[in-house]
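As structure tokens, the structure follows; a few thoughts come after it.
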Amino acid sequence: MTRKQRRLTLIGIAAVVLASAAGLILYALNDQIVFFQTPTDVVAKQIPAGQRIRLGGLVEDGSVQRSDDAKVSFRVTDTANTVAVTYVGILPDLFREGQGVVTEGIVGPDGIFRADSVLAKHDENYVPKEVADALKAQGVWKGDGASAQ
Amino acid sequence: MIVETGHFALVLAFVLALIQSVVPVWGAVTSDRRLMETAAPVANALFVLVALSFAVLTWAYLASDFSVVNVWENSHSAKPLIFKISGVWGNHEGSMLLWVLILVLFGSLVALFSGNVPAPLRATVLGVQGWITAAFLLFILATSNPFERIPQAPIEGNDLNPLLQDIGLAIHPPLLYLGYVGFSITFAFAVAALILGRIDAAWARWVRPWALLAWVFLTLGIAMGSYWAYYELGWGGWWFWDPVENASFMPWLAGTALLHSAIVMEKREALKVWTVLLAIFTFSLSLLGTFLVRSGVLTSVHAFAVDPERGLFILVILCIFIGGSFTLYAWRAPLLKQGGLFAPISREGALVLNNLFLTAATVSVLVGTLYPLALEAVTGEKISVGAPFFNLTFGPLMIPLLLAIPFGPLLAWKRGDLLAATQRLYAAFGVALLAALAVFWAWGMRQVLAPIGVGLAVWIMAGAVAELLSRTRITEIGLSRGLSRLVGLPRSAFGTMLGHFGVGVTLLGIVMATAFQTELVRTVRPGDTFDMAGYQLTFTGIAPRQGPNYTEQVGHLVVRQGGAEIAAMDPSKRIYPARGMPTTEASILTFGFSQLYVSLGETRDDGAVDIRAYFKPMITLIWLGTLVMSIGGIISITDRRLRVGAPKPARAKTAGLSPAE
Amino acid sequence: MTLWILFALMTGLTALTVLMPLRRGSASASDAGAADEAVYKAQLEEVDRDLQRGLVDAAQAEAARTEIARRLLAAHKQNQRNGKSAATGAVKWAALLPALLLPAGALGLYLWIGSPDLPDQPLEARLQSNPEGQPVEVLVARVERHLAANPQDGQGWEVLAPVYMSLGRPQDAAQAYANAIRLNGASEPRQSSLGEALVVAAEGLVTADARAAFERAVQLDPAAAKPRFFLALALGQEGKRDEAISAWKRLLDGANPNEIWVPAAQQELAQLEGRLPPSLQPPRGPAAADVEAAAAMSEAERGEMIRSMVDGLKTRLEADGGSVEEWVRLIRAQIVMGDKDAAKASLAKARETFAAEPPALDVLRQAETDNGLGS
């Protein structure tokens, strides 16, 4: 191979790798990201059943019901609208009624949200960032400005 | 007086860093030896001053001097000694001070151990270190001063976040910072080379130990953080693709690429311009990580700092250093001389391939980490980029790289022989195939990808061993001569072998723990028994217990195997009253490389409790593998020999040897 | 002063690290580039060693040597070109930096952001030092530490409880009163104060626990006004209007109109009898007003209040005399506040007072050993 051919081979391989990397990233960005929605979004946007979303808000007071084998159902609210959620598994330490929560899963055909993960981060004062913003928009947020940054 | 001495030492260090930023570089540019000679003593003095300052802050924590705001906010007189010490960096101000302490420590090490580096290069490197030091000291003094005082000192402090009161988190940040900040040295070398307009194989020889050192610390730091998340967060995950994890993972990927390209440069004087770019890129990612964690743009466990002013300040530092160094690169890099030539199929070619994939993988992680932030800033739309994204991008980019690992070291420099290399890997391939078939036979079609993954892991491990053996020619020259050749091999050969072997070990752990873990979530009452991967677990009850600064509900389980009682497990849920914060303490039993993991959930009124149990086969291999990699790195550092990549001579004269292009 | 001498010393030493290399005179710069040549020479030797060990074959070694030799030559050429050291006049200017910028910059910046007047305040030392002039929180912390070590010290709890009340920590005060009752026995004032602390903690609501405390107090001293006041309040809060009215009437009947609680009681009575328009009705119970008064006190006032409690007792005993128990209580209080010398002085005075009473002297001797004032 001549020097030029060698260089072309290298550049060619590099181009192929980078192009496939870019392709993968673009494809994944279209397909694998999950949008954050509030209960109001879920009601207003008519999110189709089966689409994967993150649902965030406050756990409605008195809505948590447990049954055997770690099944739990509760309602997530942003004070304007409310969505019923079911989840099987162990809830995080800081999952409490009246506190912020983010759940990920799909909306079932019956309108009930089936969560496969529930996040409540590990800080007593922590309200997930998305939830804080959404609640602020609803005028419910009363936390100090600093902890919502 | 003690506290104010620490404060003054920090101020003095800042002014001294300004001097270090100017004088040695000035000397290097004007070839004035006396100016250059200030670099080393000033670097040492900087270390002494910042260390003094750090020692004073530690003293304030130990003595519970609540007239220091930082101590009052993050300590408590009744806290155990170890957490009083780790509390020093368990908060924003203290951890930034630790960051700078490690920065000047590296500067001092360069001053002490770089006697063989030409004076202008050394002076410029330390000068560039001085820029970084000055910028971050200014950041500390202006926005995050740990020595702020309260005239009327409170009588008790606010205590440290209980989640951080853990031995794992006491050592995780220093290790991680040693890695992050260690790459500032390679960055300084790269910028110095650009300023001086001179770069050659010797440069790579001097940079290599620093890159290796930083890489080893970063590897250990990431592994430690991963293990901490595994046992402390209570749901058995060991990697979450959390932005904070990504922030440390990106410099690791880029740093790994840098290690490999520096080898090519040292031995063959090729890839010079690329290596310089990679050195700048790696430290830029370290700075980006510092920004992401410290500015609070990602509200998460790690973001103790929530102050927009700080975020903006770090962002400005970030832009100046990254923007400045890339501008310098664009301006000066074309002036650097090109180095040696090589064929696509050669050791150099393999290392280029390694760099290509590692960089592409780094970019995929970078996009996944920054895209949600950018999208939110631009459109206000909130998204989460989680494991599915990274599995789809990072995964496919890693597979060809992992497949190629065993080939690389077997190819000759300059022009390699793929066929010959393949022949030497027949045995390794056979072993890998057997392993894959064994997994397939044992578990069948249940997990289609598992046999492939296990095969790949064994392929890498066997390939690493095969490479070492083939260098001894043990099959050709007999055992005793082969062994004597083995002893005579340079230590870096063992370093390479262990580094690659460790990758295989970690991969094996990942594949096994992911594909064959058993998970069980159920509500149990005292007396209930359930099966878990061949073990019978009996829940016997739950009882309260009082700890030193917490109360806990402890569940008790008896583990039996074949009727015989073999162990007990005590998972618990703790409440730290100082902050009213609950934590989950999982109970973990280790059998060989595998672990049984039990954590408690909600307790019901009738005495029943939710339990989450996992059996994670071979999971400890994930962290043992990183340990093996790190040992490989350390062995490579101790190899002080000057290595040469002997090129394979051309058979025909067609390919000219002239290196200059 | 020591601080500034120390700072000057640190600055001087730091400036020396820059000045020393500058003064050291210009060494020959011809070896400036020799370092990379040394690396290549060492690489050449390494190739020979590798060849001997058989790690590379002769052809490879030759190729490697050619390459390295080429690098060596290039490096050598460049070093020849760049090797000239220019002893510029920059040294003079550079020397000005540490001489001027370092002291001026460091001092200026430090004076701007530092707090040179603030001494260190390690917790242990603060708790050991002279109680004079310490803020009340420190005094409380000292008593708390003392009680953590000696939880059976009933007198300590008794001293601490009213301080907690004045600091607006009624929950702690209630706990302290309960401890004092457990250790020193029940008495009307202790039971009433316990009840009062519980009421303040409940923001003016007379809880069941508080009520029980007041009832015990009335049993101990049926004439005491405070528990009867709160019991009447409780009746009103429970909606037993008629019983409450008669309780208030019984309480006010024959009370000295100068007592501070009388206006509040009259107001309660008026409210129950419907003689007050709602707008004039007190928003909360009188206990809440007490808390506000205490909270409104400044730091200094609070400290003053505690000291004045002890001082008041002292003045009264020294002027009017008192029982030996009261003297012991004063000594106890002074010890607990950390003022050992004052306690010793009080002990001496008490000895004088009771010189003629051997049983009282025995009590004092006991107090001396209990409080570690002996020897």
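As written, the chain order gives the labels A, B and C, with residue 1 at the start of each chain.
Convention: a residue touches a chain if its C-beta (ideal position, glycine included) is under 8 Å from a C-beta of that chain, and two chains touch if they have at least 3 such contacts.
This is a predicted model, so every value here is computed, not measured.
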Computed over C-alpha atoms, the centroid farthest from that of subunit C is that of chain A
Using only protein Cα atoms, the chain sitting most centrally is B
Note: subunit C sits from subunit A at a C-alpha centroid distance in Å of 43
Whole-angstrom distance, CA centroid of subunit A to CA centroid of subunit B, is 27
Per the C-alpha means, the centres of subunit B and subunit C lie apart by a whole-Å value of 40
Multi-chain contacts in subunit B, i.e. residues touching at least two other chains, fall at none
Contacts with two or more other chains occur in subunit A at residues none
So, in the complex, the side of subunit B touching subunit C is made of residues 1-5, 7-9, 11-12, 14-16, 18-19, 22-23, 26-27, 30-35, 37-38, 41-42, 44-45, 49, 60, 63-67, 77, 116-120, 141, 145, 147, 149, 151-156, 198, 200-203, 205, 268-269, 340, 414, 471, 485, 488-489, 641-649, 657, 659
Residue positions on subunit B within touch of subunit A in the complex are 161, 163, 233-235, 296, 298-301, 306-308, 341-344, 349, 352-353, 356-357, 360-361, 363-364, 367-368, 371-372, 381-386, 388-389, 392-393, 396-397, 521-523, 573, 579-584, 599, 601-602, 604, 608, 610-612, 655-656, 661
Counting only contacts in the complex, subunit A reaches subunit B at residues 1, 3, 6, 9-10, 13-14, 17-18, 20-21, 24-25, 27-29, 31-36, 54, 66, 68-70, 88-91, 93-94, 104, 121-124, 126, 128-130, 132-133, 146-147, 149
Seen from subunit C, its contact residues with subunit B in the complex are 2-3, 6-7, 10-11, 13-14, 17-18, 20-22, 24-27, 29, 32-36, 38-40, 42-43, 46-47, 50, 53-56, 59-64, 66-68, 70-71, 74-75, 78, 82, 84-88, 90-91, 94, 97-98, 101-102, 105-106, 109-110, 113-116, 118-126, 135, 137-138, 140-141, 299
